[in-house]
Amino acid sequence: MLRNVSRTGRLTATVALGTTLALTLAACNRDSGGTDGEGGDGGAADGASVTLSLSTLNNPFFVDVRDGAQSAADELGIELEVVDAQNDSTAEANQVANSVTGGAEGLIINPVDSDAAGAGIGPAVQADLPVVAVDRAVNGAEVDSLVSSDNVAGGKQAADALAAAIGEKGEVIVLQGVAGTSASRDRGEGFAEGIAAYPDIEVVATQTANFDRAEALDVATNLLQSHPDAVGVFAENDEMALGAVQALGDRAGDDVAVVGFDGTDDALAAVQEGTMVATIAQQPVELGKQAVEVMSQVLAGESVDAEIPVPVETVTSDNVADFVK
Amino acid sequence: MNPSTPDAPERPDGAPAPLLSLEGVTKTFGPVTVVEDVTVHVRPGRVQVLLGENGAGKSTLIKMMSGIYQPDGGRVVVDGEAVTLPDVRAAEALGIATIHQELNLVPSMTVAENISLGRMPRRGGLLDRKAMRDTARRALERIGLDVDPGHQVGELGVARQQLVEIAKALSLDARILVLDEPTAALTRTEIDQLFRVVRELREAGVAMVFISHHLDEIAEIGDSVSVLRDGRLVDEVPATTPEPELVRLMVGRDIADQFPRRREHDGPDDVLLDVRGLTRSGVLQDVTFQARAGEVVGVAGLVGAGRTELLRSIAGADPYDSGTVLVEGRPLRRKDVAGAIRAGVGHVPEDRKTQGLVLGATVAENLGYATLRSTARAGFVDRAGQRSRARTVSEQLRVRMRDVDQTVGDLSGGNQQKVVFGRWVLAGSRVLLLDEPTRGVDVGARVEIYEFVNSVTAAGGAVVMVSSDLPEVLGMSDRILVMSGGHLAGELDAAGATQDQVMSLAVRDVDRDAEDRAEGAES
Amino acid sequence: MTTATTTRPTGRGHSRVGRFLAENGALVGLVVLCVALFVATPDFLTGNNLLNIGVQASTIAVLAFGMTFVIVAGGIDLSVGSVAALAAMISAWSYASAGMPGWLSVVAGLATGALTGAVSGMAVAYGRLPSFIATLAMLSVARGLTLVVSDGRPIATASEVSFLGSTVLGVPVPILVLLVAGLVASLILNRTVVGREMYAVGGNVEAARLSGIRVRRVLVTVFTLSGLYAGLAGMLLAGRLTSAQPQAGAGYELDAIAAVVIGGASLAGGVGRVSGTLVGALILAVIRNGLNLMNVSSFWQQVVIGVVIAVAVGIDVLRRKNTRH
């Protein structure tokens, strides 16, 4: 199309567009990152500049992690620079390297991929920066601390909650997350272990919906077609659970019990409405907050635990009120 | 076997034994027999001409020589031995090289790279640039072509590209050279350059097969002519055979007049097209001329003289810096094709395949593009009307096709060209701008196109015709404008003009550099 | 949805069936696929499941209808997935945050799609960017704006939007939308001047220009329509989930392109039919549905889908080659 174009014209336009894009994105980043933390209670960490590298901000869970980290940073007087790897390990490695060059004094990393991050945080380790991993572990490199929820235990709790809701018998369907991710592996493993304790429950189908609500809607619709007698659905995150609720329509909650994972706002609302039986609440705000607090301690020269578990709780209609903000 | 077919490899006049022969070959595609029992001998130091209308089987014969097709009957003989040529490589290995109309060069690579393409010399795993340049230089010297081997092929004109391809073939030790319409896209001077090379190769004992639609070239360069009609060999005659006789053999009937120009408009000869001082930096210089109702104005000149650019500027396809174009007294907006069409201008571009037609679309679609919007109601296409108009006009122009829903790319060159003409008949154009209207069109269809030009002028239209085919310009124009280096070098009355007069105007004050520059801009 | 440019049968009776099959290879493929799935799983050929497939095909089909305009005109639109998400998000935001009435929020969503499409079209027609680049830029811009507007969180949609995801008198609304959108697209391509001009521009842009067709105007129209259809697809997606998701539609552009190409269009331009595109979208939906029903592992699903795309297009290429001569 339009082959007879002048080369310079095209080049100029491309450069102009690219520049505009870059500037726009930079400006946006600044707005949402919010580096203007007010000086807080003082301490060794006061005014320290810390980079928070998140796997993605394209997911409410990590937006909550960021918010928790930001509020803790504001309180402690830490200057928090937030970068978003958009689920790309390579981008994450580049961002880590950039922040080390940019004079960051500490790195809080939420790896896109645990294995890739081992090499990715290399520049920070070489510069002797303290590193705290949050939500997902870093494999193959020493970090000062790992702040995470226990996904395997959460999976077991989900199995128990689902079993209780369906009277410990019947057919259930599992919606998996993105194949190969640690969250999907651990939650799936925990659920399988947990559900094995109930001999009358049969897992009749296990299919992926890639942690995506729209995809879960289609996949759940299809699975309910081939397994009309299913009485329970376990989804490895809340987005997929909500997709399944959509697929079930009026049957959600009454005929079929849906259990999700994460404790997002939408899922908590669904638990309140009764369309979801339970969600396993991770506490993303707490994850972010504790990660910053641990970082602050490391910067102050205090010793910290290598693993800091953030409680995972089963949220049902009984206790949902405690979680809704 | 056809009695007129020369069976014996040795001929009474002492012609040398053939290097390559097709003996009684037949080729069918499905139910259609495209070549039937044809025998052709190609001898060293001779130029064997294949003559016939489009569809007569010339291309198929060539493809059998070059290993693209394999004959269903008969045999291919090289050096006296029957061979099979399963692919192009096999033919090349036997020294048979084909220069196709669509050149097989990579425009973005240099001359040297193109000549060595597929067998680039290596040293220590790396490209040996020096050896490659030397090979190229030797190959270019052999045909006396003065081109820098480091030059990008895409920046050369068509003529030089063609010579580069010949050089490439010869560097592959080709003994048999098949030239498929090599002169179709060349100007007279370029043709002279090509023929010089061909004569040298003939002296050197290379055997050649030559295809051309230009009858005058046959006597000039050929030795013997195989005339084909409907897939059969009609006769083999000496190249000195007079043109009318060749035409008779080719079409199977007499064509009384190759250029049947008749000026029979009897209305007032108003000025329809008035071009004043058209100028575009480096391309057109102050071009001023008029075309009147009932008149054919021929435009001659070398490639790169600005003829095509002149037509494109008038038609609104190209911009210009200054000047005015008026149609029936009303000025046209610059670079506004749709406006020009509304004013009555129809433009048949130089290359119907890349500029004139949407090859994948139907005949009806292609005929209707210029009138799609003007005949529509509330943005919806008048489908029935467009189809019936398309049917009428294609009958009127005698477009040979299955029906108007046939894909235009499947038609022959002449019929494709008629479809481009038909578009402007539908649009009611009174000023027709024709750019090389009969290039790649065979004799029969060519005369039909000339008759169409006559009918346009008879109805009070005006035609501006750019052509590199001098006999055509002389035969079909009423007046001839000669362009050179972007300006009008002169004007001749077609009645008394000769080819020499036209050429001397065309090359006047054109130095070699300017020609090269123009060539570069053209390609 | 009727035929477009290709050669039509000459009316020789005995070859009519053969010609039909040759010209509708994708349709034959769809039928074969359906028969195979019916044999493999009895759940497949039920009225309910067929409606499910229709609903599940609707989003991709609507995107692909828009893509058909672009591909017929010789371009490509990589931005449709992101534009769908942006349109849905703007619609939800204008209802939830800006307080627009529900019906107006639907208009706002569609307008957003058309506007972003028009911008891409201008960049191609007047900025002379290759459509691949212009829409690649728009892919990023639209996704970014979606995140800016939503702050990474889903927003609930107006009930007028949710209506698009509901069922009326037993017929799912997405299927109705799909049919109407397809008919309109077919009407535009076959019956309107600008539609026929799209084929001319895609078939040979220079010939089109010299015939007086205003190529730039056609290009802007083409991308605007593609954007409008993307906006509609976004509304469908949001309607089915009753909320606009920030990550909705990611990667859908590739499915849409696949549907158009499976349907017999040429990426070189000038060839393509709405009916073929519909069949292409249905093939993708049927494969996903069938693999779900048969509980095929997610790893293999991706392999199967890739192979089907390659085979479908490969057969088409062979068929075209053979019909020459």
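We just call them A, B and C in the order they show up, numbering each chain from 1.
The rule is short, and it goes like this: contacts are C-beta pairs under 8 Å (C-beta built on N, C-alpha and C of every residue); 3 or more make two chains touch, one makes a residue touch a chain.
Not measured: the values here are computed from a predicted model.
Peer 1: Going by CA means, which chain is nearest the middle of everything shown?
Peer 2: Chain nearest the centroid of all protein C-alpha atoms: C.
Peer 1: Name the chain pair with more contacting C-beta pairs, choosing from A-C and B-C.
Peer 2: If we tally the contacting C-beta pairs, A-C comes out ahead.
Peer 1: Nearest whole angstrom, what separates the Cα centre of chain A from the Cα centre of chain B?
Peer 2: Comparing mean C-alpha positions, chain B is 67 Å from chain A.
Peer 1: If you average the Cα atoms of chain A and of chain C to get two centres, how far apart are those centres in Å?
Peer 2: 31
Peer 1: Rounded to the nearest whole Å, what is the centre-to-centre distance of chain B and chain C, using the mean of the C-alpha atoms as each centre?
Peer 2: Chain centroid spacing, chain B to chain C, equals 43 Å.
Peer 1: Could you say which residues in chain C touch two or more other chains, in rising order?
Peer 2: Residues 206 of chain C touch two or more partner chains.
Peer 1: Where in chain A do residues touch two or more of the other chains?
Peer 2: Within chain A, no residue contacts more than one other chain.
Peer 1: Please list all residues of chain B that touch 2 or more other chains.
Peer 2: In chain B, no residue touches at least two other chains, as defined above.
Peer 1: Over in the complex, which chain C residues touch chain B? Could you list them?
Peer 2: The touching residues are 5-8, 10, 191-197, 199-200, 203-204, 206-214, 270-271, 325.
Peer 1: What part of chain A is in contact with chain C in the complex they form?
Peer 2: Touching chain C from chain A are residues 1-6, 9-10, 13-14, 17-18, 21, 24-25, 28, 32, 57-60, 62-63, 176, 179, 205-208, 212-214, 217-219, 221-223, 225-226, 239, 242-243, 246, 265-266.
Peer 1: Taking the touch rule as given, give the residues of chain C at its contact with chain A in the complex, in rising order.
Peer 2: 41, 43, 46, 48-49, 52, 55-56, 59, 73-75, 123-125, 127-131, 133, 137, 140-141, 144, 147-148, 151-154, 201-202, 205-206, 215, 219, 237, 240-243, 245-249, 269, 288-289, 292-295, 298-299, 301
Peer 1: Which part of chain B faces chain C closely enough to touch in the complex?
Peer 2: The contact residues of chain B facing chain C are 29-30, 315, 317, 337-338, 340-342, 347, 349, 354-362, 365, 368-370, 372-373, 376, 379-381, 383, 402-403, 405-407, 423.
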